Amino acid sequence: MTRTDWTPRSRSAIAARVAEDIPEGWYVNLGIGVPTLVADRVPEGREVIFHAENGILGIGPAPDPAAVERWLVNAGKQHVTLLPGGCYFHHADSFGMIRGRHLDLCVLGAYEVSAAGDLANWARSVGDTAPAVGGAMDLAIGAQRVWIAMEHVTRKGAPRLVERCSYPLTSPGCVKRIYTDLAVIDVTPRGFEVRDMVPGLTLAALQDMTDAPLALAVAPDALRMG
Amino acid sequence: MIDKFVPSIAEALEGIPDGATLLLGGFGAVGQANLLIEGLLETGLGNLTVVANNAGYGTVGLARLLREGRVRKLICSYPRIAGSTIFEELYAAGRIELELVPQGTLAERMRAAGAGIPAFYTPTGAGTELARGKEICDFDGRPHVLEHALHGDAALIEAWEADRWGNLTYRMAGRNFNPVCAAAASRTIAQTQHVRELGSLDPEAVATPGIFVDRIVHIPYGDPQD
Amino acid sequence: MTRTDWTPRSRSAIAARVAEDIPEGWYVNLGIGVPTLVADRVPEGREVIFHAENGILGIGPAPDPAAVERWLVNAGKQHVTLLPGGCYFHHADSFGMIRGRHLDLCVLGAYEVSAAGDLANWARSVGDTAPAVGGAMDLAIGAQRVWIAMEHVTRKGAPRLVERCSYPLTSPGCVKRIYTDLAVIDVTPRGFEVRDMVPGLTLAALQDMTDAPLALAVAPDALRMG
Amino acid sequence: MIDKFVPSIAEALEGIPDGATLLLGGFGAVGQANLLIEGLLETGLGNLTVVANNAGYGTVGLARLLREGRVRKLICSYPRIAGSTIFEELYAAGRIELELVPQGTLAERMRAAGAGIPAFYTPTGAGTELARGKEICDFDGRPHVLEHALHGDAALIEAWEADRWGNLTYRMAGRNFNPVCAAAASRTIAQTQHVRELGSLDPEAVATPGIFVDRIVHIPYGDPQD
């Protein structure tokens, strides 16, 4: 594949594509990386309430560098702001919200997602280096919906959408939808179903970069090209 | 724009099904969502399971609901009504089922439901009639009872202040079970004494973050009577 | 026994005797009845912090009847006041304090206490009338110490300190000390031990009104007559 | 008069035994009781088990304690130190034991310890490496992991304001694990930025009631650095 007829979405464009699908009024937790970018791409005037594991609801845009509040960081330890209507609570209450299924959505990054919705995003292996899990497992089981935002393949070109995860699982069967630089794909009882692809990309070409069968989404209004 | 206020009690209660499990905040005369509870009488709902610390107060709220025969089962720590024998008569006549639960276990079972914990062990009640038939397990040489989460189809609660995102504060002992019920139900409906602009509540002092609240009605009834 | 050479302590004097033994800085929950009276008998200048199950720490003296705050009631549903330094919290947090063994002391009333420290104070029987338990079982297992304040015998003269409780248990083996109108009695691994008696009362006479063996407390400084 | 303030860090830490289990509040650079933690170095304590969300921040606090070899075991969700490889090196060299716990389970295990719950079931981690060897039980057709309370011999926390009864507030994201640790330890030691008169904190906005706090040191260090 030396030439392609399509342009992958940028990280920011993936985030925008995710943001487009978030309805007003949802409570949303954003993971580190591309997911974090989603907050800035929510369409103007649409109220979405962002949650951070470290006890914040109602996170606003990044602060003016000249006016950083050093006591206000998100779960990625970045400085943030609080919107009017935001509030603070402690870690047990915060994970009560997560585990208790009060979040409408969590957007996470991933190493791999399987056709059964298994998520691997916390460790590339177990044991060889100091492992760290953070809140990934709580978010994966707790949010009403888990959406993944990631590159479709690794830097070496290996598929990240796979028949079976090779990395340690974060949670089995938790992923509902995947937003990559090439496509938006639902995880259904029938496996991966493509909702949209970037212009110029074909299902056959996408399948070549995917390690599990792809089908086009059956609902006619679900498939959107471009 | 997110706006959880609804103009009428009828709209606030819309969608609660017959036979629902309702969680009611309040302790004694304080913090009872009496007008919401009495609104249930208009809806014609019956066959209800009610979770509340007492069997009502005086002749209002839950006491009326009981008198009108709308409650099939009461899950309660102290099923008495000050100055009334409504509950005792129903119970003696076999017209209501009672599940008696120690007060702390009642609170913790709802807290567990809100926090995604399906079951937990507690020392409360071990070695008593109220543990009969329950799973017992020793921890640190002390017997503990396995108790299960108590989830509501709806919670009816009373707040002191509310904003359009559903953030709530309570007044003094009016807090009691209200925040616990709010987190434990599929839909949480609050009556509030005061309406506040978004951003005017102290983010450090919000007792129930809006994520737990679905609908709010402004009912400035004044002080609780007893 | 038509004539006695002793005067039983009044309810208020029992409360004062309990209060005398509470050191500064203890966190204390008071049950309904005689225990409630303890708050007003704490020696001047000694800071003791009183807890109520319905989410209050730092309860102060009863309010001036002309200035009752209707949102501030204790677990007995009486109007109370809040001291400077007091605060409010919800029911799950309140019973977390209780169950989590953060209270230094709980003073409760009782129907019966056994020589093994078994407490019966929630029901006179199971099943014949609508039972109610409230927070009794949580307090009995949770406080660091459970002290009982009650009359030594029933109105009919039957002993309340017994070899084995005839009423349903609140919790087995939880009582550490009993303050009656006649004596102060420790519950020890060796059974009941008398710490003090009202002037004029003899151990033999006290034993006559008690349904389990009494011994004098062994520690010389523990026994105080008068 | 109750006064939980002590004049020095050394006095605040007095009585913590060698080999103790310490609960440390803080998330990222915010809400870390760094000066208390570094005070441990002066005490000569070692062989510690430390419960904390991260393995420290920068080169202060827990990071220093680790570097000095005082920690035998770390119970942690995300054992990384921004800008440092201290933990990784100790771990690779087999010089420290690690118990990796999902962040929400870490918070809930401490919450359980504070609330007198010895064990609970959680969906977090089910079907993953982190549930290996643990008891699994299905609730509502979903597997759950039995997790145990995590209790500390001491908690070292950071507050924004404190009064002499030990009532605490936190600042913004500085709340995080601090209130959770405070309730879960046998002795809780707080460093505070501000000292307040008793009665000047809003009783509705106290985040940690004084019942959970044993000693306080006034350490007005300013804003967290990163």
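Going by the order they are written in, the chains are A, B, C and D; count residues from 1 in each one.
Following the convention adopted for this analysis, contacts are C-beta pairs under 8 Å (C-beta built on N, C-alpha and C of every residue); 3 or more make two chains touch, one makes a residue touch a chain.
Note that this is a predicted model, so its numbers are computed, not measured.
J.: Per the definition at the top, count C-beta pairs in contact and tell me whether B-C or A-B has more.
T.: More contacting C-beta pairs are found at B-C.
J.: Starting from the mean Cα coordinates of chain B and chain C, work out the distance between those two points in Å.
T.: So the centre of chain B lies 30 Å away from the centre of chain C.
J.: So the centre of each chain is just the mean of its C-alpha atoms; given that, what is the distance between chain C and chain D in Å?
T.: 35
J.: From the mean C-alpha coordinate of chain A to that of chain C, what's the distance rounded to whole Å?
T.: Chain A and chain C have C-alpha centres separated by 56 Å.
J.: Residues of chain A that touch two or more other chains: which are they?
T.: In chain A, residues 82, 88-89, 92, 95-96, 98-99, 142 touch at least two other chains, as defined above.
J.: Would you pick out the residues of chain B that each touch at least 2 other chains?
T.: Where chain B meets two or more other chains at a single residue, that happens at 108, 111, 115-117, 122-123, 170, 172, 203-204, 207.
J.: Chain pairs that touch, all of them, please.
T.: All touching pairs, sorted by chain label, are A-B, A-D, B-C, B-D, C-D.
J.: Which residues, counting only chain D, touch chain B once they are in their complex?
T.: The touching residues are 108, 112, 115-123, 137, 139-140, 144, 148, 169-170, 172, 202-205, 207.
J.: Under the stated contact criterion, what part of chain C meets chain B in this complex?
T.: Spelled out, the residues of chain C in touch with chain B are 52-56, 69-74, 77, 82, 88-92, 94-96, 98-99, 123, 126, 129-138, 141-142, 168-172.
J.: In the complex, go through chain D and note every residue touching chain C.
T.: Spelled out, the residues of chain D in touch with chain C are 1-2, 111, 113-117, 163-165, 167, 183, 198-199, 201, 203-204, 206, 209-212.
J.: Taking the touch rule as given, give the residues of chain C at its contact with chain D in the complex, in rising order.
T.: Its residues touching chain D are 24-25, 27, 47, 49, 51, 57-58, 82-89, 92, 95-103, 142.
J.: Over in the complex, which chain D residues touch chain A? Could you list them?
T.: Within the complex, chain D contacts chain A at residues 27-30, 53, 77-80, 82, 87-88, 91-92, 98, 100-105, 107-108, 110-111, 122-130, 170-180, 207, 223-226.
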